[in-house]
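In the two complexes that follow, subunit A is the common piece, with subunit B as its partner first and subunit C second.
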Partner chain A sequence: MIYSVYITSRSGSLLYQKDFKTVNSPITRQKSNDYLVIASSLHGVHAIASKITPPDAVHNHERSKLLANSNRTGLREIATAQFKIFINQTVTGVKIILFVSRDVDETRFALMYDKIYQYYCDYVLKNPFYELEMPIRCHLFDEQLNSVVAASNV
Partner chain B sequence: MAIYSFWIYDRHCNCIYSREYGTSASETVKASSRSTPKRLSSAHFSNNPMENAPSATISSHSTLNSSVSTLSGQRKTSSSSNNPKIQELIQKGSVNTQNNNNMSKLLFGTLFSLKKIAVSLCTPPAETAQEEEFYVSNLNNFNKLRSFQTLNYKCHFYETINGLRFVVVTDPNARDLQTSLVDIYQHIYMDNVVRNPLMPVEFREGEVISNDRFVLAIDDYWSSIPEFVN
Partner chain C sequence: MSKQIKQLGEDIWKTKVDKVNSELFTLTYGSIVAQLCRDFNYNYEEVNAQTFRMGYNIGVRLIDEFLQKTQLPRCSNFRDMAEVVSKVGFKIFLNIVPTVTNWSADVSTFSLVLTENPLADFVELPDDGKATKELWYSNILCGVLRGALEMVQLDCEIAFVSDVLRGDETTEMRVRLVQVLKDEIPAGDQ
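On to the complex of A and B.
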């Protein structure tokens, strides 16, 4: 189940945020300011998480077979009692953050992420009226995202 | 699989116990030289004639503390396992040398903000100041942070209701170790710190758990779980 999708720019500002209505989603509605705060704290913590790597662990990512384009050492997954957060960073520094239910694992996340990234490229970046680093308001992207979420939420 | 470090923070956000396992040889040299001034400072505290009762506690701590660093040979024999690899990891590590450095503070800050995000997303917007206070306290049961991970390591987190935080940093492939942290709190921390009359109820800034039995029990616990050896 996908509960929400956030997209942040490479400087940490929130470009896109959407909560999906699902059965017993634990995520409650917040004030619009709070979403900005959450997105930018995740951006900061992502960078700090790579700083606090134990000295013995710095080469672990080379053995990892998980999907990671430019997210080799940063924060990747946060598990809480109610939901999980997956963060992935594209090569240009845009972060796609997924709030999902606890049963979603890395492989299922990879499938969802691939689709969402593809739609982001096709319907946001190829939109001639979209300016980089600006909030995303593209209704085609909204529709495609809804289809990804609908497929994963059955 | 490996366990890299173990941390305890009290409710005033001070790191009261830190333990590293199996860092490289150069690290150990630095660690031992850093631990010397700490012992001196605690001895200096015990000479303070102003505080009678606490000084007794602290001086007994400082003797315990020095016995920890000198009796490393004894630690070797009392460990439950005879696996040389485990012995090496325990010997090479350091106890309470990182409590106040950047690593400890960054780790705490990361966990603090992640916990805040996790809780705030599951709470409705607060209407009154009372509600607000309840939402930020540990008394509610809206959501709890369990762990976070990067491709290099995984960090498990457990917070008790009175604000004590237990953190363990492991290999990213490790299973969820929150139950182990609960176990450590309920059996090792309770028995050796809470029920120990020589331990303070509130740790002051710079005070750490230097109890020999506690250190040994923690080492035994972590070395007995299958994740400990790579």
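On to the complex of A and C.
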């Protein structure tokens, strides 16, 4: 189950946030300002995690078969008793953050992430009237995202 | 390494890329350049600047699609990057593989020689004595590459040095690495 999707820019500002209605969702609605705070906090913790990781640790990452791309030493995952948060960062620095149910593991997250990244490229970046680094308001992207969420929330 | 990259480019071209009729593409680009020439009263320097800027705006967006489709991590050196640009980048977007050549001694500059150029099919430059000296017809490609590389923190200078349309023997783009923007590499990456 996907509960929420966040997309943040290279500088940590929130570009996109959406909560999805599901039965018994453990995620409560926040004020819009709080979403900005959540996004920038995650951005900060991600950077701290990366800062305190010794450089040699990167080689371990290369041996493991985790997601390719870019999040080698930053924060990847947070788990609570109710839900998990997965974070991945593209080489360009955009972060896609998913709040999901506890049964989602890294492999399933990778599939969801890849689809969402693809739709971000197609329906956000290829929209000639979307300006980079600005909040995403694209209907087509919303629709595609809904389809990804619907597929995972059956 | 080089072989794997070539294979990757071909696989993505075959399975993940939507294709359009190349004539549609060629004619669209041609009409844009021709219109720009008219709009700027055949001031070719300005036309070069405009096509470069258009390319730049495409490049800064296109790079994410490239990364999504290829799933490639950051390149560890400039030589690998040149290989990837030619064998994967040009391959998946234009179905051509320019030759990487003419490395400078300090490995900061190389040339991409375009043996074929889908932008320039059917094209003859205007016969006004000026176009063959001033206009870089395919300058949009320099812009695209410049924008795309900048988004992965490689500050490069890119320009054409020869073009078969001008009567040169080859079409050659020169790429020079100015600097790696280390401070801007996102946290969590190397």
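Everything below uses one rule, namely that the second predicted complex is superposed on the first by the 147 of 154 C-alpha atoms of A that agree within 3 Å, B and C clash if a C-alpha of one lies under 4 Å from a C-alpha of the other, contacts with A are read in each partner's own complex, and residues count from 1 in each chain.
Keep in mind that, in the parts below, a contact is a pair of C-beta atoms (placed from the backbone, for glycine too) under 8 Å apart; a residue touches a chain by one contact, two chains touch by 3 or more.
Just so it is clear, the model here is predicted, and its values are computed rather than measured.
Novice: For the combined arrangement obtained by superposing on subunit A, do subunit B and subunit C clash, or do they fit?
Specialist: fit
Novice: With both complexes superposed on chain A, which partner does A:T90 reach: first (subunit B), second (subunit C), both or neither?
Specialist: After superposing on A, A:T90 lies in contact with subunit C but is clear of subunit B.
Novice: Residues of subunit A touched: more by subunit B or subunit C?
Specialist: B
Novice: Which holds for A:P26: it touches subunit B only (first), subunit C only (second), both, or neither?
Specialist: First partner only, subunit B.
Novice: By the touch definition at the top of the document, which applies to A:D34: first (subunit B), second (subunit C), both, or neither?
Specialist: first
Novice: Just subunit B (first), just subunit C (second), both, or neither: which does A:A47 touch?
Specialist: A:A47 sits against subunit C, while subunit B stays out of touch.
Novice: By the touch definition at the top of the document, which applies to A:R72: first (subunit B), second (subunit C), both, or neither?
Specialist: In the superposed model, A:R72 contacts both subunit B and subunit C.
Novice: Quick check for you: in the superposed arrangement, does A:A151 touch first (subunit B), second (subunit C), both or neither?
Specialist: After superposition on chain A, A:A151 lies in contact with neither partner.
Novice: Pick one for A:L140: touches subunit B only (first), subunit C only (second), both, or neither.
Specialist: neither
Novice: Contact-wise, after the overlay, does A:Y117 reach subunit B, subunit C, both or neither (first, second, both, neither)?
Specialist: second
Novice: Could you tell me the angle at the CA centre of subunit A between the CA centres of subunit B and subunit C, given to the nearest 10 degrees?
Specialist: Taking the centre of subunit A as apex, the angle works out to 120 degrees.
Novice: Considering the aligned complexes, could you tell me the closest Cα pair distance between subunit B and subunit C in angstrom?
Specialist: In the combined three-chain model, subunit B comes within 9 Å of subunit C at the C-alpha level.
Novice: Using the superposition described at the top, list the residues of subunit A that contact subunit B and also contact subunit C.
Specialist: The answer is residues 49-51, 55, 58, 68, 71-75 of subunit A.
Novice: In the complex of these two chains, what residues of subunit B are touching subunit A?
Specialist: It comes out as residues 2, 4-5, 20, 22-24, 27, 103, 106-107, 109-110, 113-114, 116-118, 120-125, 142-153, 169, 171-172, 176.
Novice: Touching residues of subunit C toward subunit A in the complex: what are they?
Specialist: Listed in rising order, the residues are 60-65, 67-68, 71-74, 151-152, 184, 186-190.
Novice: Using the touch definition from the top, list the residues of subunit A that touch subunit C in their complex.
Specialist: Touch residues, subunit A against subunit C: 10, 46-47, 49-51, 55, 58, 68-75, 89-94, 114, 117-118, 120-122, 125-126, 132.
Novice: Residues of subunit A touching subunit B in their complex?
Specialist: These residues of subunit A touch subunit B: 26-31, 34, 38, 41-42, 44-45, 48-61, 64, 66, 68, 71-83, 85, 99.
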